[in-house]
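Below are two complexes that have subunit A in common, paired first with subunit B and then with subunit C.
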Partner chain A sequence: MIRNILKRLGVALATVFGASVFAFVLLRKVPGDPARAIAGDGATDEAIAALRKSMGLDDNIFVQYGNYVGSLFRGDFGFSYSTGNSVGTLLAQRLPATLELGLLSVVFAIAGAVIASSIAVYSRRRWPDRFLRISSSLAMGSPPFWIALLALLVLSIQLGIFPGPEGRLSPGVLRPPNVTGMFTVDAVIAGQWGTFVNAAWHLILPAIVVALGPFAFLSRLYRNQLRGTLRETFVTVAQSHGLRRFPVYARHVAPHGLLSLLPAASLLFADLLAGSLLVEKVFGWPGIGSMTADAIIQKDFAVVQAVLLLAAILYVVVSLAADLIMTAADPRTRVGAR
Partner chain B sequence: MSHTNALSFPPPSPSTGTAPGVSQDRSQDRGVVLQVKGLVTDFNTASGTVHAVRDVSFDLHKRQRMAIVGESGSGKSALAMSLVGLVPQPGRVTGGSVKLNGTEMVGLDDAGISRIRGKDIGLVFQDPMAALDPLKTIGSQFVETIRVHQDVSVKAARKMACDLLGEVGVTDAKRRIADYPHQYSGGMRQRVLIAMAIANDPSVVIADEPTTALDVTTQAQVLDLLAKICDERGNALVMITHNLGIVEELCDSVNVMYAGRFVESTSARALFESPAHPYSKALLNCVIDPATTKRGALPAIPGSPPDLSIDEPGCPFAARCPIGRDEPRCATERPESRALASGAVVRCHFASDIPGDEA
Partner chain C sequence: MTAVAAPQIVAPAKRKTFSSFLRRDRTLTLTLALLAGLIVATLLGPLVWQIQPDAINLGAVLQAPSWGHPMGTDDTGRDVLARVLAGGRTSILAGLTIALIGAVVGCVAALLAGSMRGWVDTLFTWLTNSILCFPAILLAMAMAMALQPGVTAVVIGLSLHSFPWYMRTLRGEVMRLYGQDFIRSTTALGAHPARVLFRHVFPHLIPIMILQMAAVFGAAVLSLAALGYLGLGAQPPTAEWGEMITDGQQFFLTGQWWIAGFPGVGLLLAVSLTTLIADRAREVLDPRGEFIQAK
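Entry: the complex of A and B
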């Protein structure tokens, strides 16, 4: 067991290292000169050259990478010249908003996928399954930012059910006292119910839009897994023992589906950090995604690098956790079994 | 007219003493436990309707051991599943009747048939490796099976399960009951499944090729166990198989299935001594005797089974039959079942139980 965990930790570290190298090299190979961007259009060539030197951009790429990793270990994620803040500060400000959005969309996606596919598979009628298949195809095929725009247009502007793209709270509503940085949670902690409702109202629509793609993917996966399990001999055997349809489904079919859902769901969770990039932008959601979108346009290397690295770490941690849970949940892989 | 095994049970001839477990005592009890009449099962596929079971009828008596033999695709398994209403999609029982202890099973809803499955009729499946839920312990699956039909506590059910596991030869059952299926060998799993099938003391046990997936040495043990259990508990047994050796060793009567129909129903003894239907003869010719078979090609029945989605007008075996090949009647007129002097019931225009008399 210990050996197994160590092995997986090793792989996890290697993945993070790979991601950091990839992010570093990629961003230095894209066209465009950050020094020129910082100095502005009117700057002389000499000024730009001096700036490049002071930023270390003229150094050997290995030296640059060494400096980068060195400062990472000192807790220094670099400096965002486009906002004038340290990247660490930016992340601390932005991360709670993204986590709040991401967590709720993960809940929406998983709960929606499990409920919808269970109904589609369990129902004796054909239309729920057809409906799920068609709607999940549509959801997977449509770009999230486009759905976001459409949702805003119809649900906010036309119908007025949800607020417009004004961020996390209506203008004039005060932020709840900071505990977790997630406004809905903080509002509950502080007992400010009005603020909670307002924050939730702002949160739901972007969370649904972000959840749509993962929902479509997970529901297809879960549906197919359920249908596959239904054809297994042990399901027929359980029926032959006299179990009725629902107990067979609940005790012998659904657990297999959920087990297969776990790794996929964990990967999606890691995806949501970067995945909701444009959706955050559309909704004016002040999270990591909109920050990254801005940073890419501004060629703000330090920010993009930090986000990529953060996504890699999150991805690795979540999938490691999912692996360990899977190993513990499936008796066939449980260590110590004879 | 429907085909019934009009053969009186027990078979009229005195039993041989060689077959293990085939005792004379069993045949005293003559009540019919399972009565099947005109059973039809169709599979509606995109490329047409496959008639897997066509007008099958038989009576199964208390303590009787009946075999259903036939090659792959003859409809044996579809028949077994039809008896308990578990035909896989897109299959459906479209006609006929299955009466278990007088209760009609065809057309029952999920609740109705679930009360009967496992309690009055037990099933043993072909592949023990796939027949147990890999995520649940043997104990929890066994307890579940018992508690579906019996109002007992989990603890009591576990005790019953332990006893049954011991009875089928699982050593150290108290400890092994907490294990998962993957910790059991194939033969052991089949023993567990047999124990589960008889846990609620059904009057009929259907075994659908129960040893096909096992290795040869285990096969014999599992068959002996099945025979012993049915003997001790008085269950009637329907053995679905393509292994004629099993029929000879284990069963009293036998139905030969071809293209979804019973083409010959007779006593196991009579089948091996004087098969009446040309298909039965061809099947028996394919049994290899290591002492006499020469090296080289194994005996086989020429041709292949008919397409079950076509309802041909004549005898489905005609094209492969040494008699039917040349007889115009076999190509145009479907043989109805008729009883021969020996008591065997056949579907053939020319079959006779007097050797050399046909054609």
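Entry: the complex of A and C
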């Protein structure tokens, strides 16, 4: 067991290493001289040369990589010249907004998938299942940024149920005292219920849009899982023991497939970052996604490099955690198990 | 020693089941027909609908859909239908390119890793793991930044992210095949390793590869549009669905829904139909759900 965990940990570390090298090499190929971009148009050649030297751009690529990793361990993610802040500061400002959006989307996606596919499978009629299949195909094929626009048009502008693309709070509402940076959580901690309602009201629509794709993916998976489980012998046994339909379903069938959602859900967690990349821009959500989109247009490579690395680490950590939970919970997935 | 006959994978019997299959499966027939219609429309449409996609007409700005402009006009008077058709061509061709590049590179990598094992396998697995831990869109964005924003950079970035999927699914199949009796007996009969690889292993990979291509195609079209939306994909004046949605975004919320609306519908149709078809095909060709992973 310990060996197994160590082995997976080793693979995870190797993967992060590979990803960091990849991101590093890719972004050192940025056309145009980053030093020139930072120094501005009016800078003299000597000033640029001095800046190149201070940024270490003249060193050998291996030395540069070593320096980069060294500064990462000191918590230094580099400097974002387009905003004039250190990348660490930017991330600290932006991460909570994305995290808040991402976490609620995960909840929506998983809860929605479990409920919808349970209804589709439990109901003996054909149309709930059909409806789920068609709607999940549409949701998987829908461009999130376009759905976001559509949702804004219908639900916020025409019907006025949700606020427009104004960010995390209505204008005039003060942000709650900073504890976690997630406004809904902070508002509850501070006991500001009005702020909580306002923040939640701004959060729900983007979260639904981000959750749509993952919801579709998970609901298909869970539906197939449920239908497979219904054919298992233990279900027949439970039924022949005289249990009613619902208890058989709720106690024996539904939990059986939940565990299998875990690896897929962990993959999607990383994917949510990509989803929020697109949706944040539409809703004016001040998170990592809109920051990255701006940074790329500004060729602010330190920011992009940090986000790439963050995404890779998030992915590796979440899938490692899912892996380990699976191993602990389900002996069949242990390496070497037969 | 004469060669052992190559395994027939496209057996005549299968073709018969395919047509009878189509007749039974009305959903599949419908989706296939719709997708074929969409592809034909985008490829041949410009021949019939002869308004230029980038012809500016300041006399007909922001017109609602009418007989003259079935999908309306945008803020510079360009015909939205012509642009949707041209944009469809950009998306479909780019999607196919990505699916093909990924298939070729992924297949070669899988054959190498699966047949040689050892350090080659370790190296390729490490490489693919390292690539797959980035979200596809983020990788394509970084590529667009490192090269030059445009369709080419996005195609390179997305291909780079698509080949590991092929490699993962195919590698497992290659390894499984090498354990099978027919491969072992061919080797025992003295066949050259290259012959085993190309005559006996490779043909078994084709159906899996095609399924994977369908999945990659849908995801690629969507990602290309996403990059176009962020201004990193197709650059104006190239018509591309994502870029058109950005163009129409400011008008979308003020009533001129058609500029961003129709490209979005095109995107939705193209990707959903591919997903549906790939899904159905998977149920038939891969009933155990072992091989194909979409994303």
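Note that the second predicted complex is superposed on the first by the 297 of 338 C-alpha atoms of A that agree within 3 Å, B and C clash if a C-alpha of one lies under 4 Å from a C-alpha of the other, contacts with A are read in each partner's own complex, and residues count from 1 in each chain.
Simple rule for what comes next: contacts are C-beta pairs under 8 Å (C-beta built on N, C-alpha and C of every residue); 3 or more make two chains touch, one makes a residue touch a chain.
Being a predicted model, the structure only gives us computed values, none of them experimental.
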Which partner does A:256 reach: the first (subunit B), the second (subunit C), both, or neither?
first
I'd like to know which partner A:304 touches here: subunit B for first, subunit C for second, both or neither.
second
Of the two partner chains, subunit B (first) and subunit C (second), which one does A:312 touch, if any: first, second, both, or neither?
second
Is A:243 touching anything from subunit B or subunit C once the two structures are fitted on A? First, second, both or neither.
first
Touched partner set for A:296, first subunit B, second subunit C, both or neither:
second
Does subunit C touch more residues of subunit A than subunit B does, or is it the other way round?
C
Check whether A:142 is in contact with subunit B, with subunit C, with both or with neither, and answer first, second, both or neither.
second
Which stretch or stretches of subunit C touch subunit A in the complex?
126-127, 129-139, 141-148, 218, 222, 225-226, 229-232, 242, 245, 249, 252-253, 257, 260, 264, 267-276, 279, 289, 295
For subunit B, which residues are in contact with subunit A within the complex?
81, 84, 86, 88, 110-111, 114-119, 122-123, 125, 127, 130-137, 141, 144-145, 148-149, 179-180, 182-183, 193, 196-197, 200
Seen from subunit A, its contact residues with subunit C in the complex are 11, 14-19, 21-23, 26-27, 29-31, 137-138, 140-146, 149-150, 152-153, 157, 164, 224, 267, 270-271, 273-274, 277-278, 281-282, 292-293, 296-297, 299, 301, 304, 307-308, 311-312, 315-316
Complex contact set, residues of subunit A against subunit B:
231-234, 236-245, 251-252, 255-256, 259, 330-332, 337-338
